[in-house]
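Right, I'll just put the structure down here and ask away after.
Chain naming follows the written order as A, B and C, and within any one chain the residues start at number 1.
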């Protein structure tokens, strides 16, 4: 999906079906000019319906519906799709593309030496960029983002206002990092010496792979050595804490206020529900589910459900 | 209470009683020049006393006390008030008004087009304001506040340093938002498509009504459609998470590190104690109380106490 | 340890032993040019080994090891030290000193009146400093730090990007405060008046003593009267909440996402593990330990372990 062009005034149902890889049922030429929830949609808008909502389509004024494959809705125009919610999300993104700021560098941005900047980058007011930073094409840095020395950000990533990414961290392509988040803070590592503590220097980085999306107010610590690593497609909600040397596997979901202690390894497609906590040095297998507010004090096998 | 004028050197006890709607006992002409806690107050300062403290007024050097109605303190000057703590808070605010910055716009602020700004507004250094923003009279934006396009802020609201309010959000009058808080981040909404996730665009806003006060480091997500809504008089402590499409009723209190999941509806005068969590799509009735660290997994009736 | 000078190309084992107060075993003249973990170290680097790792030194390519006193490692060069981890941390800090920005004040910093600034201070881009601020020698303020009126910061303290320290707060020497942290927000204090709440003005401050280190995204509220006080050597992890009028004793450790309610008194050398919470007005004795996710609802004696 291009975010740069304005959507057409209206789409035919057939074209929307094609967009989402679904099948058009009813009038393929019906004009659709927007998308809205079940109760709020008007006659020229499309909505979506699953489960019990399929039984009461007559209570919605929507002009058409995205529905599951085989729903065979009678008397209303529809698009059948494997994942109606995902198809509807794509349609929403088509009708209401995120406004992106014009390319260019705001005059109040402060930029260090050896800056490498691809085409179509937008750098907002009062951004501070250290030395040796590299930005891929289409990167958006909203106002008051701070990037430390040597940070790299991949193509089409979007960094929201007041995010700090500290020295050396590497951000992939199509990554989104929401406001107030800190990437690359020093991990909480101290060596005890009598009653006092000596800080262990943190020489590692944070690596965030493509298509990761990070919520607001997260804190993601750099590794003591090597990297703290969020792999492709990870999604985090708000106020999530990820300690040093944690690895989070592809397409894992971390809900709000979860805390992950140091050196934890989390597999792919794991779900960590809200306010859960994971103790240090454990591993959580692929496709495991940790329930809301669960405290994980032992390693979790692949596919296991913990609550 | 005006915050703009310096308080007089001293007040008579009678005038302070009038200020708080209380009754003066003892010498109405006693001069009071400040207010302080029970143990710290000196002879020309007023303090307050309730419960066991009423039995040992002789251990305080305070010149006078705010006490409950009917306390009938003997031998010491006092003001009797319905809520001694609230009356004392008003007296504190009278003697020690918050210093407000001088009106005006700092030269390092960056302001977008179509800016509407009423009288008496203070905009601090390095504030960034998008296009189409409206500020009511007396609004204070402390340094490094970021306001997105189309944000409105009502009369006499105060936004502390390093707060981000994203596009389209509406802030009422006399609202306070403390440092590090993010208003209007995208909600955590994804549609699953196979093993991966498609982000659901968030077209809604956050609406914050009059007299709401928000602590430091909060994250309040915008609605998927419509609004996330904090109604009049809500108070939140620090590091509180409010997800998309949540409604919080009038005069509800949310203590530190509480997390509220998506589409939860909370009534009026509810208390959510520290580190509690509420699962998605539930409702919590008026005047209910959720205890510290409670995990709420079912809806709560009006007046119910959950721990 | 000086952070200003480049380390020599290489050290002899004997000199490193002297640096950490340890004893050199094997070849005192062995050249060591770096330090790395057990698995990652190369032949000219030093590592450290304790416990089971001592039995399999032959699986590491490290040129030498820091080991416990009396380990009497055969066939490999070593330094014996009382606390091998602390000694190794010191060696790491010697080889990889934190790069510090050059002294000076960035032209985009905004500085108030009556500014007192000692030698060797570094003030980064877009820092905002209020009136009457005092900075000791060697202080580093990274980009976009905000200091309110009357703040003092002691010698060699380092404040990371996007930290806010509000009016009147006092920061000691060699303090580190990581990004996104807020010091001196108003405490969550309200007096009830009918169904509504009157805010209690917060006239106190936050005092942070020498050698305290604070993680990212913390919120530390100012006192209602007097001070919220973190004493010498306290360490906090990320997303920690400290309410008004809390006292935390020397060398106490507070792990991520802990919340401490108002007026709590915590002793020396206490450990509060991750996601724990402490209710208001309690006290926790010296050297007590509060386990992960524990909710503390009564006072804890010195040395007690609570989970």
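Rule of thumb we're sticking to: a contact is a pair of C-beta atoms (placed from the backbone, for glycine too) under 8 Å apart; a residue touches a chain by one contact, two chains touch by 3 or more.
As the structure is a prediction and not an experimental result, all values here were calculated from the model.
Taken as a contact graph, with one node per protein chain and an edge wherever two chains touch, the assembly is complete, since every chain touches every other chain. Subunit C is reached from subunit A by a rotation of 120°, derived from superposing Cα atoms (nearest 5). For the touching copies subunit A and subunit B, the fraction of interface residue numbers used by both falls below half; the interface is of the different-residue type. In whole angstrom, the spacing between the mean C-alpha positions of subunit A and subunit B is 31. Shown for subunit A are the residues that touch two or more other chains, namely 108, 126, 144, 162, 180, 217, 239, 257, 275. Taken together, the subunit B residues at the contact with subunit C in this complex read 36-37, 40, 82-83, 85-86, 88-90, 92-93, 96, 98-99, 106, 108, 124-126, 142-144, 160-162, 178-180, 213, 215-217, 233, 235, 237-239, 251, 253, 255-257, 268-269, 274-275, 292-293. By the touch rule above, subunit A contacts subunit C in their complex via residues 108, 110, 126, 128, 144, 146, 148-149, 162, 164, 166, 180-182, 185-186, 188, 190-201, 203, 217, 219, 221, 224-226, 239, 241, 243, 257, 259, 261, 275, 277, 279, 295, 297.
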